[in-house]
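Consider the two complexes below, in which chain A is the common component and chain B and chain C are the respective partners.
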Partner chain A sequence: MRVLLVDDEEELVSTLSERLELRGVANDWATTGEQGLALLAQREYDWVVLDMKMPGLGGLGALKAMRERWPGLRIVVVTGHTSKEDYDAGLAAGADYYLLKPVDVDELLALMQAAGGKARP
Partner chain B sequence: MTHPLGDNQAREQAAFFGQVTASVTHEIKNHLALINEYNGLLADLLAAHARGRELDPARLAGLSAEVRKQVRQAGEIVGQLNRFAHSVDSEVEEVDLGELVATFAALSARRAQRRRIELKLALPPTAPRLVCQPFLLLLACHCLLEAILEACPEGADLTIDLEGGGERPRLVFECGQAILAGERRLPAWLLTNLNASLATDASRGLALVLGSAASGLEQT
Partner chain C sequence: MGLWQKIKPPFWDRQGDPGTQGLNYRRLWKSTFGAAVAVSVVPLLLMTAITFYQFEQQYRLQLGDIVGQVHRLISNTRLQLGFFLQERQAALSYIVLENSFDQLGDPANLGQIFFNLKKSFGGFIDIGLIDSQGVQRAYVGPYALEGHVYRNEDWYKEVALRGTYVSEVFLGHRQVPHFVIAVKHELPDGNFHVLRATINTARINDIVAAMNIQPSSDAFIVNQDGVLQTNSRSHGQVLEKVRLPLSPSYHQTDVVQIPGNDGQPLVVGFARVEGAPFVLSLVKRTDILLEKWSFLRLNVLFLALASVLAILVVSFKGTTSLVTRLYQADQKRVAVLHEIEYTSKLASIGRLAAGVAHEINNPIAIINEKAGLLKDIIASRPEDPQREKFLAVLASILASVKRVSAITHRLLGFARHLDVSYEIIQLDKLVREVLDFLGKEAEHRNIDITVRMDDNVPPIESDRGQLQQVFLNIINNSLAAVSDGGEVNIAVAPSGPDMVAVSISDNGVGIPSANVKRIFEPFFSTRGAKGTGLGLSITYGIVQKLGGQIEVESQEGEGTTFTVTLPIRRQG
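The block that comes next holds the complex of A and B.
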């Protein structure tokens, strides 16, 4: 399993990356939606964990582009406590799951393990 | 019951207060979230050590330094939020414009960063002092910033300059292009209360020409 983390808060995303690595989960991270799309074009990922609030292309723009080009990719969108609009928009744009920010590494792993090898619905 | 300032003015001020506190508390939450993550990573590293993985002292020292940095940054923004909260304490007072602009920049940095704009300050070593309503001056700065964020492309350069001194110091929001900030952005009641006027400069951005509230009261 390989995971791509996309979040403009570099300190947060790099720490999550290290914590996943310590749990044996291979991953890469990007700080913009554009960088995330470039990484997806370079190698195969099973999961993307995508922050919805980012400058530039933004989480929603990246999500739409990912869904269009990689329809089988499983995508977890990450939103703040008060961002119901982001949550609704993310699910409407094809996100599979959502988590509240900051992402709890064990909650994320439990979600991925529960989904297991199941194909994207 | 009607608010003594009038419904619109009271609403605009309350909205500004709400926007600033929402943004800053979000920022504080981010610092706390990072501290929590660093703590989690420390626990993970210790657990890995218990399973036989070597502990890297430099990595631990780095994490400790990161926690210190987050605590310092959170403390600074809490201090600025406290200053902001106290800006409504007195209706009119003499303020150090440099300190007030620095407070505004600290409170607004995150808002600008969301558009990849870094707020830079160009303050003189000794900033002018002005008798004014500090909360209203912060609100005026906020209105100018909103006008600029709306008009400028992402990643634009933005510097807040403090020019001149004496009776009419100028606060210049310099973004390298002309910005139109009409009544919608900077309400007339705000300029009147600040005894200020708005100046646009085709090559620079927006400027607020400030006057003493005391002289403003005399004029009106």
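The block that comes next holds the complex of A and C.
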């Protein structure tokens, strides 16, 4: 399993990456939606953990682009807080799961393992 | 004061309420009421006074007419009576002139003369001839009076002196009232004789009775001592003293107004009859005569009083209604402005809170990850002597991160929900979320808060944020009301097929019964300067907006229960 982490907070995303490494999960990280899309174009990932509040393309924009180009990709959206409208918009744009910050890394891993390596229908 | 308490306008004791904005409603009411009454009552009283004055004038005119009427009647009847007496005197004078003493002394001739008199004039009872010695020489009549001596009697002395005499009425042997007319005839040799006739009072009674054309009149004749010479309707019988508080003057004709024996107003006219000891009197009761005028006057007075009363009542009600509406409109306007201000403040606080929460979220997430990483690293070093301590410290850091995170999530959730937006809500969970905000205070003060939900309570369709506001406000009030160690019990249960009831009970100070009715009014506060008095009023408004109801029961010294009933499905 290979995971892509996308969050504009470098301290946060780099530490999360390290923690996943310690658990034996191969991963890469990016700090913008554009960087994330570039990495996705270069390599195959099973999961993307995507922060919704980012400058530039933004989480929603990146999510839509990812879903359009990689339909089988599993996307977990991470956010500080969501309203029903944001939640609905995220699901409509193609998010598979929603997690609130701060993310519990073991909860994230459990989610991924429970979903298995199955491709998104 | 009971009636005043019932009719007192609602704003009367509310001077200085924040909602009044300085307008003195009591003064406004007084000036409006005063103006309305003055404009209506003053002209009315003026008209009444004018009408009364005119009635009085008419009354006096009517009275004057009555006096004039009495005067005329008295004068005319007096003349009539005088004429009656003069007629008989003249007849006797003629007889005594035409007949010599000897002719008059002839019983047959006297009898014929008597017969003719009776036939021509009527009313004669007897006739007699008396000589200059006072001895009755001849007599025709029902009695045996021949030879009777009248020399020393007053009437004889008077007729001998004056030539003519009319007596007062007296009862004869047959107890029938009559009077006497006597005329003297002087002879050339200085001798004289007297012809005397007795006449009954029937004709005089008839003349007097003709004046009694109205039931309120009483006409009669009295002598100069006030003894009745004829019967009267209501002032005595013949030969009794007249029952009038008046001694008629014997020498003049007059009409006076006096109170009667029963205090009733009388017009009394009296006139002396020429050549007789008679005073003709006519008494009229003016209260009966002027009854209609009195009745009209009373009617006007009654109408005026009734009108004044009606004006007072209508002005009171109208003014009260007007000023009350103004007061209520002002209250509502100010309350709405405050609510807008309050909501706006809340929105600002919400935006601020959201901004702060967002800013805090990422650093918290970083702390979480860093601490988590340290924990991962330490956990992979079982040989490290400080491992357990490090793990314990890191666990504490991560727990604190979780607490902060929960607070920021709650803050963001609360701030977002300001417009009504419906979602499916589990009420017990919502209540517990609200309690999380207030949990610390309750814990520090040892206040026991319990939440109990019936098994069959369905989720409801409502607005999360607005409901959080409602329960936050009510539970806050409960915490303020209870002392340390007190209790707040929250129960959620169905209320009919379409509603759910949330009751929040405390064992605090309770609300005085006089205040319970006002607890949802804007600006009503028992906390003095601390409270705006708007919290429960806004809560009430929110519950109404959500299609529900809120009620309060309280016992001073024992506690208060607020019950919020909400529809299961959204209304409208």
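Rule of thumb we're sticking to: the second predicted complex is superposed on the first by the 116 of 121 C-alpha atoms of A that agree within 3 Å, B and C clash if a C-alpha of one lies under 4 Å from a C-alpha of the other, contacts with A are read in each partner's own complex, and residues count from 1 in each chain.
The rule is short, and it goes like this: a residue touches a chain if its C-beta (ideal position, glycine included) is under 8 Å from a C-beta of that chain, and two chains touch if they have at least 3 such contacts.
From a predicted model like this one, the values you see are computed outputs, not experimental measurements.
S.K.: Check whether A:19 is in contact with chain B, with chain C, with both or with neither, and answer first, second, both or neither.
M.R.: Both partners, chain B and chain C.
S.K.: Which partner does A:11 contact after superposing on A: first (chain B), second (chain C), both, neither?
M.R.: A:11 contacts both chain B and chain C.
S.K.: Let me test your reading of the model: by the given contact rule, A:102 touches which partner, first (chain B), second (chain C), both or neither?
M.R.: In the superposition, A:102 contacts both chain B and chain C.
S.K.: Report for A:80: first if it touches chain B alone, second if chain C alone, otherwise both or neither.
M.R.: A:80 sits against chain B and chain C alike.
S.K.: Answer with first, second, both or neither: which of chain B and chain C does A:56 touch in the superposed model?
M.R.: It touches chain B, and chain C stays clear.
S.K.: So in the superposed three-chain picture, is A:34 touching just chain B, just chain C, both, or none of them (first/second/both/neither)?
M.R.: After superposition on chain A, A:34 lies in contact with neither partner.
S.K.: Which chain A residues are contacted by chain C in one complex and by chain B in the other?
M.R.: Comparing the two interfaces on chain A, one with chain B and one with chain C, the shared residues are 9, 11-12, 15-16, 18-19, 22-23, 53, 80, 101-102, 105.
S.K.: Within their complex, state which residues of chain B touch chain A.
M.R.: Listed in rising order, the residues of chain B that touch chain A are 26, 30, 33-34, 36-38, 40-41, 44-45, 48, 66, 113-116, 154.
S.K.: Under the definition above, what is the set of chain A residues touching chain B in their complex?
M.R.: Contact set of chain A toward chain B: 9, 11-12, 15-16, 18-19, 22-23, 53, 55-56, 80, 101-102, 105.
S.K.: Would you tell me which residues of chain A are touching chain C in their complex?
M.R.: Residues in contact with chain C: 9, 11-12, 15-16, 18-19, 22-23, 53, 80-81, 83-84, 100-103, 105.
S.K.: How about chain C: which of its residues touch chain A in the complex?
M.R.: 357-358, 361-362, 364-370, 372-373, 376-377, 380, 401, 405, 408-409, 412-413, 416, 421, 423
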